[in-house]
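Take a look at the structures below.
Look at the two complexes coming up: chain A is in both, with chain B in one and chain C in the other.
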Partner chain A sequence: MILRMFPFLWKNLWRNKRRSILTIFGVAVAIFVITALGAAIAGMTFPVREVGATSLLKVREKSRANVLASRLPQAYENRVAELPGVAGATGVLSGLAVLGDEGVHIFVRGVDPDRFREVRNLQIDSEAWAAFVDDRKAALAGHRLMRRMGWSVGDEIEISMLGLRVQIVGAIPEQGIDLESHLLVQRENLQIAREAEYQLSYVLVEPAAGKPPAELAAEIDDYMAASPVATTTATSAAFAEAVVEDFMGFVDYLKIMKWIAVLITVLGAANAIAMSVRDRTQEIGALKALGFTPNLISSLVLLESTGLALIGAILGIALAGWAIGSSAGELAGLELTGWDVALSLAIAVFVGLAGGAAPAAAAARLHPVDALRIID
Partner chain B sequence: MSETPIVEARDLVKTYHKGATEIRPLDGLDLEVQQGEFLALMGPSGSGKSTLLHIVGGLDKPDSGSCLVAGLDIGSLGEKELCEFRASKVGFVFQTFNLIPILTAAENIDLPLRLLPLSSSRRQEQVALALDIVGLADRGDHLPSQLSGGEEQRVAIARAFATDPDLIIADEPTGDLDDQTGDEIVAVLSLLASDHGKTVLIVTHDASKAERADRILYFDRGRLTTADPRARARVEAS
Partner chain C sequence: MLPLTYVLRNVRRRRLRTGLTIAGIALVVAVYFLMGSVAETMVESFRSTGAPEELVIVQAGAMLVDYSNIDRSSLTYVQTLDGVASADGQPLVAPELALPSVIVVDGRERKAVVRGVTAVAPAVYRQVEVTTGDWPGPGHRAAIGQSLAAKLGVEIGDSLEIEGDRFQVAGLLDSGGRVYDQEVWVDLEELAAAANRKTYSSYTLRADDASVVPDIIETISENRRFPLSAQDAPRFYRRTAGMASFMASLGEMIAMIVAIGAVFGGMNTMYAAVAARRREIAVLRALGYRKVSILGAFLVESLVIALAAGVLGVLLGTIIALSPIELPYSPSGMVSLSSSQAISALLLAAIIGLVGGGLPAIQAARTAVIQELR
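And then the complex of A and B:
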């Protein structure tokens, strides 16, 4: 029955063009805000989620509050590797540098190529890898970093803050934020440049199969407690959380904003649909006289409000997709997923149904004689 | 005319409350209407004409008494059955036309047909026939705003007729029209009874319009005073 009424329903959507366009625009803006906020939240929490999926541990210097200032003797790499319950360990020296006129912050990681590749399970084509291993001045750059900086394979990069000059021999393809946005150089090269020979920032540890990471972390710290430099070992997720901790309160605030946007849109849509139903009271009476059932009338009103909300949502999602797409190259983790689209469409259906519910019930309840205002 | 009346009302009572005041537009009314009759309902405001039309048309129910229309007891029908009754057995014509402004004349006529189990081609035939009968075969694609008042009311009559109902109910169909256009509208309604066998009930305040009916029912305080005021006039004259 509803399908047979589709032409009538479609014309009803555009009955009051200005009101419909304003309603659609309101929903579109709200869905844009909701989707863009969702993507921003996802982008902010991306490092935590990304590394949270791995079971790798990071062993760093205990007394340092700033993880970047941590220093461990290079010998710790082998000491940790020999512990029971450890499948592999590799020492990394990190450095932060600011590049270019825009002052872009980049992370440089000095690694022992083969050990790092094994522990971190780095995926890269063999030609680029061979070039990296063979040349002490070679570097591998994450594909996001390359796009952001406008680098190409073969470029020579001067990182004056670290006293480093490297040649990019390959791009690290998509496989995790910590690799895609960073610059990998040979550890020895960075150690010499930073005058930090035989020093590490941290040791990356892969627990043996079946070994709980938290248990291993405690065992490593116990073992190292008597060493000249005590250590703190945590999962990569905890490490990432420590880095983005300050953002989390802001993320909660954004989530509240998102639901306020939904509420305002519901009220706006409800008001527009209620006005539309009020304007048509007499017509609804006539429809009832023609034999339209209360269910059919309320369904038409609900479909009308849901239709407007869905058109708005599609516009809002398209706008958000465009906005996100134009910044995604630079901002890791910022993307419009199928889940975001589905959630936005579900919100639009909710807005349509919630906004149309009261007017639909009112229209269904109207007594035809009262609606027609027939006075005898 | 068939022997079984299409409308058979017995002792109909309908009461409303307006604040503390009780209004009784129908107060024990009895009525029989035969298939194919053209009836005019006259009387002062509040005398019960429109209330009777609402009950006969299935828009309202009586408080007591019985009202059989096309064999169905209106008082005992549920909400859904009343909707089905209105969709298939009755066609309404209103004083203010009540066409849907965003639909063309043909789409307005097609709208109630969509409630019935009819194929698209059958609906198109019914719409074309109805437009032809009211003399608007060439105006089907016009919006109500592009039609004159008389033409709008013809479309409303076509909409009421298209579903092939037993009864056509018109509540002051000429109230918003000039005298000549009103006569044309009554002529169309009369044609539906005489040529197409429809039972037509119209409420009117205009005696000249009522004169065209087969019978005039005169209402006074919820009852029929006499079945034909012309007869009453003759009685009073003698």
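And then the complex of A and C:
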């Protein structure tokens, strides 16, 4: 029965074109904001999601929240490696540079190739790896970074900010870790370029099988407490969370904005739908006189409102997808997740149902005699 | 002209519809007001820091002072540059060791920048004053920025743990809301020893006047012995605001988009108001009211609705801003609301009213008298 009503619904939608279009635009803008906010929040909290649930520990200089500001003596690498409960340890020197006219931020990691590969369990083809190990001026680039920068294997690139010139000898393939968007170089090369000889940003530690990471972290810090540079050890995930924590206050405000945008959408849509039902009082009376049941009539109103909201939502999501996919959006680190799209669609359905509920109930209650008596 | 009472009575005629519209626009204004204030609050300390005759020198390639490590032997080179101001025969070059650190107060940890300075600091940083107590110095005497002191509840005489060492608060820094208000200043050598740093992070330098600043920047960039890079201090601190200004522009953008959405909603309501009153408008026209009066009446009606919503929105924004969320980069930790932001939010409400009411009002003015009265 409802299915046969679709042509009727479709016609109704376009009877007051202006109102329908304004409603759709209103919903579209709101859904755009909701989706874009979700993408911004996802983009800002990416460090937490990227490192995921790895059990690797990061030993960094105590009191230094930012890894780029942390400095440890290179000897710490071996001191940590010799501790009981440690399966492997490798020191990393981190650098950050801005490249190109677009100002793309890239993370450069200076690593000791073999130790790093073992601890990090890096998956990479053996030819690229051999080339990287052999040449002090070689670099491996994450596949995401290569795509974004338009680099290919064999390219020689200059990172003038860090005083670094390297040749890309291979790509780090998809493996679900942050290295996919980073640049790996030989540690010594970066140390010389940054005047950081024999210095590390942090030591990456792999706990021995069966050793709880948190317990090991405390033991490492205890052991290092008496050294010239005290350390703080945490899982990579905890570390990333600490980085994000700095601007969580702002993210909280973005979340509040997101829910206000939802509220605005509901109000706007409810208003528009109520208006269109009211305009059609007589017609609804006629339908009732023809024998339409109250249930059918309220379903029709609800379907119409949900349809309007969904059209708006799809428009809004498309707009957001376009903005996020643009180079400016990618640069800002925005990320459109399936979750955000699903949430936006769910919100649209909710908006349609909530906005249509009151008018639908009113329409269902309408007595045909009253409705038809109205002389406009 | 149509009397104002007619307009006001119309506003009250369809309470539910008008109420929903007011609520919608009020929320939009709240978002705009709040995000605008959030954006302004986050960048204000960076924007105001640095005088034009001040320079900040960091390691070439270091994006922030945090990542900069400078060989100490470059100090003499910087001190002898042409155009460096001096006082009492001493060049006004302040070597600094600025570390993003975690300080501990009463067992509570808190992230803050700790800046190690030397005795030349009072002459170089003219934007900083010590209002109570003393400048930082040897003997583990620290001075703490007033905003940070307020956030931590720290007073003169209290002790802080910095890089594993105990420091005593000897003075309060007041830089009028600039970044220094959120830092802790200590003696450079003591900080270097505590943090095991053999380098400086940066120099702050005072030039004779702003006109020689570009020359100094060029000289430093051409120097081959020390890989340093210099910038005038205002630009340096504005650039340091990177993340804050990115977040700020995001906030501003969201506010603008939401405002566009609100225009659609406002238009919808006003079109409905016009449609419902066609006959009435025709009667008014027949009575001799001019088109301009009708146009004006609808515009005023829409403005009244929008402004009422604007006031509500500003109130709502203020309430949300009182929430205990700590805003990053904010001098007070809260969103600071300014009257200029409130005024621009009300202005936005007025624009939503005018644009949203404009087309419907024109339609109203064009109502065909004969047809409607038939």
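Note that in this section the second predicted complex is superposed on the first by the 327 of 376 C-alpha atoms of A that agree within 3 Å, B and C clash if a C-alpha of one lies under 4 Å from a C-alpha of the other, contacts with A are read in each partner's own complex, and residues count from 1 in each chain.
FYI, a residue touches a chain if its C-beta (ideal position, glycine included) is under 8 Å from a C-beta of that chain, and two chains touch if they have at least 3 such contacts.
None of the values given here were measured: they were computed from a predicted structure.
*Asks:* Of the partners chain B and chain C, which touch A:L290 in the superposed model: first, second, both, neither?
*Replies:* In the superposed model, A:L290 contacts chain B only, not chain C.
*Asks:* So in the superposed three-chain picture, is A:A75 touching just chain B, just chain C, both, or none of them (first/second/both/neither)?
*Replies:* In the superposed model, A:A75 contacts neither chain B nor chain C.
*Asks:* Residues of chain A touched: more by chain B or chain C?
*Replies:* After superposing on chain A, more of chain A is contacted by C.
*Asks:* Look at A:T23 in the shared chain and tell me whether it touches chain B only, chain C only, both, or neither; answer first, second, both or neither.
*Replies:* second
*Asks:* Could you look at A:R4 and tell me whether it touches chain B, chain C, both or neither (first, second, both, neither)?
*Replies:* In the superposition, A:R4 contacts chain B only.
*Asks:* Same chain A residues contacting chain B and chain C, which ones?
*Replies:* Chain A residues touching both partners: none found.
*Asks:* Within their complex, state which residues of chain C touch chain A.
*Replies:* 16-17, 20-21, 23-24, 27-28, 30-31, 34-35, 38, 42, 59-61, 63-64, 66-67, 69, 71, 99-103, 111, 162-164, 195-197, 227, 243, 246-247, 250-251, 254, 257-258, 260-262, 264-265, 267-269, 271-272, 275, 320, 325-328, 330, 335
*Asks:* Applying the document's contact rule, which stretches of chain B touch chain A when the two form their complex?
*Replies:* Those residues of chain B that touch chain A are 25, 45-51, 54, 57, 59-60, 79-80, 83-88, 92, 94, 96, 98, 100-103, 107, 111-112, 114-115, 159, 171.
*Asks:* Which of the residues in chain A come into contact with chain B in the complex?
*Replies:* Residues of chain A touching chain B: 1, 4-5, 7-8, 11-12, 14-15, 282-283, 285-286, 288-294, 368-369, 372, 374-376.
*Asks:* Considering only the defined contacts, which chain A positions touch chain C in the complex?
*Replies:* Chain A residues touching chain C: 18-19, 22-23, 25-26, 29-30, 32-33, 36-37, 40, 61-66, 68-69, 71, 95-98, 160-163, 194-196, 228-230, 246-250, 252-254, 256-257, 260-261, 263-264, 267-268, 270-272, 274-275, 279, 332.
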